[in-house]
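In the part that follows, the structures are each spelled out as structure tokens.
Both of the next two complexes hold chain A, though its partner changes from chain B to chain C.
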Partner chain A sequence: MEAQNYVWEGAIPLQIHLHESEVTTFPPPPPALILAPRIGYLPLLIALIKPYFSSALPPGVDTLWFDYKGLPLKWYTPTGVLFDLLCAEPERPWNLSVHFRGYPANKLIPCEGEDAVKWSFINSLKEAAYIINGNCKNIMNMSQSDQVELWRSVMNGNVEAYQRVSSKLKLGTVEDEYSVKPQQGTCETDTTGQVKTGRIPIRLYVCRVSEDFDDVEDVPKIDSWGKISFINRPVEIHKEEGKYFTLHDAIKALLPEFFSEKTLIESPSQEGEDKNNIPSEDASDSKAEEVVNVCNDVEASSTSNAEIKIVRIQGIEPKLEIPFSWVVNNLMNPDYFLHICLYVKVANLNTA
Partner chain B sequence: MDVSSWDGSLSSSDFSLAARTFAEKWKRLNHTFPPWSWVACTKQPWVASHEVEGYLSLENICLFSLTEEDHDEGSREGEEETGCSKEEEPIDTATLVQSIGREVHFYDFHIVFSASYRVPVLYFRAYCSGGQPLALDEIEKDLPACSSKVLLASKWTFITLEEHPYLNRPWYKLHPCGTSEWVKLLFLGDSALAKYGVARRQYLVSWFSVVGQVVGLRIPFQMLNDSN
Partner chain C sequence: MFAFRSQEEIAREAIKHALKALRRRHLVEEGAHGPALIALSIPIISQGSEWKEKAENLETELQQCYKAQSRLSEQLVVEVAESRASKALLKENESQIVSLQEELTQSRDECSQLKADLEEKIEALELIVSENHQIRAQLEEMIAKAKNAEAENKMLIDRWMLQKMEDAERLNEANALYGHLIDQLKASGLEKLARQQVDGVVRRSEEGAEFFMDSIVPTSYKHKINAHEGGCASILFEYNSSKLVSGGQDRSIKLWDTNTGTLSNTLYGCLGSVLDLSITHDNRSVIAASSSNNLYVWDIQSGRVRHTLTGHTDKVCAVDVSKISSRHVVSAAYDRTIKVWDLQKGYCTNTIIFHSNCNSVAFSTDGQTIFSGHIDGNLRLWDIQTGKLLSEVAAHSLAAVTSISVSRSGNIVLTSGRDNMHNLFDIRSLEVCGTLRASGNRVASNWSRSCISPDENYVAAGSADGSMYIWSISKADIVSTLKEHTGSVLCCSWSGIGKPLASADKNGVVCIWA
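Our next item is the complex of A and B:
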């Protein structure tokens, strides 16, 4: 599971500025440079951030929140997903503002510290367990010590500890259909052994932009959560004889409106050729080609005036024909959800 | 299909069907409250969608204190569970008693389908007459005593503030993770409902007869008996 290690080690370099409204010193405190784990959550950084700014803060009680160019950031969304979603062109370091006062409680769910983040994670895991197994008994019955260890492994980015505890939850999602090779049968099958529903927990974020763009640099910035549709709907893996279920198939299942009927018959099949060559990090090379694929599908459709421009998962833009089981097993977050970010170009918002 | 092999869950289209049945019965048999309305909406307003999504909504409900067996404090005697809407209900038999020394709280309830759990989920928010949202510790005082107890014991797994799936704002959510199990039990115990088709149509009525009580909303007995 080499790719899973990359995901766990993945981090976003943040440059955090104390929001000007909360600066009480002159000169204002310099920004804090912090590496934020992709799979982590922003409020968990408080211990690192606070020392930089505590002397500059006005008196009062701390309620931590962040914004990016004025957009308040949802703390219960993993940091890597926020970055993939809000920076079409990756900005490094990522310039965020931190606030310790004036929590926008009418827009953003209040965060009561680490406990709130932990329970948001556990509830998400429970939801994933329900999707996979049809019940969440394994999560409900988790021992206190396992629960603590699991959460600590996520907090500390310790993938070995995570695998040790999570394997007890019997949430092995899908078989790796493409890699059933005897010489590799080391540890990948240790979570199987239960009847699965074949449903995959997905959190899909669809950013819509009204202008066309050829380069990610030209993507207009997302200034409101209203421009992002959040779709929380499982994908059912359908197996067909002699074919594997691809990422393309999964996206089509989630957003059938974006694909024409035609593509049901002619699927982008190059199976066999790529079997030994499932790329992860270098996948973006073929991005342009893939986007064209999707766009062609959309052009063939008369009911849709939208086209998918970018498909991004854990910071990469994977080829759409790679097996979905690989994507799920390697790129999911520790809560067993696969978070997929899409950029969609909408031709004319008014006629929609 | 026999109800015994059913897992207690619903599909999205079953949900809209059951929602209509529920709203229709509520309107016909429950005159204490304004009717529920179906809010049609979609996640992708910019593409033509074949699927009709939506949720049920009951808004501007003022919940006074609940019935005496839930709260036996003297100061609240005489108050009745009641609802009031902006329109006057011509056949409203409930007594509207202004609670003394307590502010009136308004509640909005939404019933939303969860694609993960494949069951209905109750979302709600509460505010004072001035419009300021109520915090959970204030809401807790409006809830039946048994709900307040569960709330204390399971802070993070009973009612929590979450993003409303369609409105993207913080709403309180009643956690749905055990719903399909208890709904199945509810239906197994009732021979009149032991047909899958009936079960699907009656789903929301039966479900709400349990879930409504958590927030102090009871449904008239006739709604459960009514087989139409």
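Our next item is the complex of A and C:
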């Protein structure tokens, strides 16, 4: 619960600048400072942003879109994911430019407003349901009021309301002995009855970097979406005796091409007090690392020297040995998808 | 070497690590920025909400104000309209008042005027009424006076009439006396005569009796004279002689000796054609009636015109002179008058007006009565003194009388009419004592003259066919027809000595029959 609360409460400070091409007043309006929920979507912020800039806009119809350092931002991706993906070194506040005119229809899918975002969310939900249950009956049979309440709870960040509705969907949680079981009676009965160990919907965002880097601040800027690959593959959790399914396992399952038999992930130095743990954990896995490195070195030709540099979920970089089931249950987005951002170093960018 | 941890420991460590990372993230992201943004926005929000509230309040106030204003403006419109209406009404009323005042003053003036007039009229009326009374009184006086005057008048007339009647009675008495005396005279004369006859000596001492001879019925003509050109309308013999006087169209009067048939004298001076002739009993004067409205009196011996009698206004168609006095001449003209003239005085002494024109006149033997024959066929008798109509006889019914001849004795009058009949009247009774007619005898003109023989046995008349007819009175039949004239015979005359008989025609030829 605690983690879920953190996830639902998470918000990214944005400093939103009106793009200079659309400034019609002098002096230009100051940027708007906004906290954008991580689990929310950028178009939903129009109500907060518009008042700041409405007086400075040139005449016309508003078509809202954002860009980060020239890169138009995809609106159906949760804000948190975008941040984690595009800012290797987290930039707080995140400086975005907002546009009200000149929607780049050749680069972005059109977004007509809040409803478009809602339907995109529902669509993701259906997709997740399908992956989990094999059908999305429960989503399609959702009553109008449930739908509305579900969406509203997402927009408002109301986790209790969300759980009330989402529990009816019987999308189940992964059995996870590590998470704090939910305490509501109804939910408990639901979840205990619907525990599945099945397929997990995953959205994997892989950012390929051509050069090696040691520090996040050295990560080169992403200037086109071409450098990012989107992988929508579910992960099946295999229960092995004596061993729990780790995050690492999941990633391996998702990107087998980046791993030969064993992968070696070089975790960047993390801030805070976990630094101490890392070496120990590293030590425990050092063998594995070495192996991976060796493997990497050995199989450079087969894997084209891919190296996973950063794994980010919900703004944190969990240890790779963290139980995947905990990750799924606690860090998934309201659309029942787990969004994972990956920074991978590839020797040459030609690899898929 | 480090201790081999169990999977579970590793897992839990990883989870703890993740949680810590989440917490750190929270602190860095929303934990740090959230409160700051909130703190920044609070005043804005509060202000915003304040402003919003204010704005809302003001808006509601404004709305209320608008509502109030609209209500007020509606009211105002209504009020303005009403006030306008009132003003208009007021103006109307004012103007009405003014006009009414004017009317009132006018009426007052009129009223006072009328009063004044009325008073005047009343005064005038009273005046008139009094005058009326006065006049009425006067009228009554006048009426009374008039009545008196009428009564007086009547009385006077009555008295006058009475006087007149008394005068007339006296006159009548005088006349009666006179007549009586005359009768006595006559009676004495007759006595004388009777004595004479008884004496055996027939003394024809009656007036004119010495000349009495039997009339001889002529059988043929002795002379045929072209006497006048144009026609001879009138001939007559001198008293008891065979001298013939003729007057014609040629304005001359010729005297003929019928024994020889020669002209002995001609009298000039007539200005018109001679329509009728008359000779005084002493054979000294000839009177001619002329178509020139005049009568001319000649003295035969001198041959000069002694009188011209003027007064008629139309042609004079008949003339006769009194046998007794030779002074009185009667003439008839087509101006419907019969005039009596006094030759000594030289003018007309009496004029008789009658509606029917007179064709022929004749004096009675005593000279007191005039016989006139009119176009209406009546024979009338007039008193010469008074000019009054004495009697009237229908001589010829519906035919004009053309000739009147008085017999020598004065007892019989012969009238000829256009009905081609010749009537003999007894003078005293005015009854027809004989009618003579003939089949071929047609009276030629309105003034064709017939005559009686001196012995009163025969009547001679000319005809339009130019023949002379002679009737016997006693036989009442034709005894002789004398044809010689070529033109219609206009007049004839029988000499007082019994012969000859003379006739004249339209051609102016005079035939002497013996």
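Here, the second predicted complex is superposed on the first by the 285 of 352 C-alpha atoms of A that agree within 3 Å, B and C clash if a C-alpha of one lies under 4 Å from a C-alpha of the other, contacts with A are read in each partner's own complex, and residues count from 1 in each chain.
What we mean here is this: contacts are C-beta pairs under 8 Å (C-beta built on N, C-alpha and C of every residue); 3 or more make two chains touch, one makes a residue touch a chain.
Keep in mind the model is a prediction, meaning the values are calculated, not measured.
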- Applying the touch criterion given at the start, work out whether A:K243 contacts chain B, chain C, both or neither, answering first, second, both or neither. second
- Message: Contacts for A:P110 in the overlay, against chain B (first) and chain C (second): which applies, first, second, both or neither?
- Response: first
- Item | Contacts of A:D335 with chain B and chain C, given as first, second, both or neither | neither
- Touched partner set for A:D84, first chain B, second chain C, both or neither: neither
- Task: Mind working out whether A:I316 is in touch with chain B, chain C, both or neither, as first, second, both or neither?
- Result: second
- Message: For A:E9, using the defined touch cut-off, is the partner it touches chain B, chain C, both, or neither? Pick first, second, both or neither.
- Response: second
- Check whether A:E22 is in contact with chain B, with chain C, with both or with neither, and answer first, second, both or neither. neither
- Item | Contact set on chain B toward chain A in their complex | 7, 43-50, 115-117, 133, 156-157, 160-163, 165, 168-170, 175, 177, 181
- Residue numbers on chain A that touch chain B, as the complex places them: 74, 105-110, 115-116, 119, 122-123, 126-127, 130-131, 134-136, 140, 201, 206, 208, 225-226, 229-234, 255-258, 303-306, 344, 346, 349, 352
- Considering the complex alone, what residue numbers of chain C touch chain A? 2, 4-5, 7-8, 10-15, 17-26, 28-30, 32-34, 37, 40
- Note on the structure: In their shared complex, chain C is touched by residues of chain A numbered 2-3, 6-7, 9-13, 33-35, 90, 92-93, 178, 242-244, 270-274, 277, 280-281, 283-284, 314-319, 321-323, 326-327, 330-331
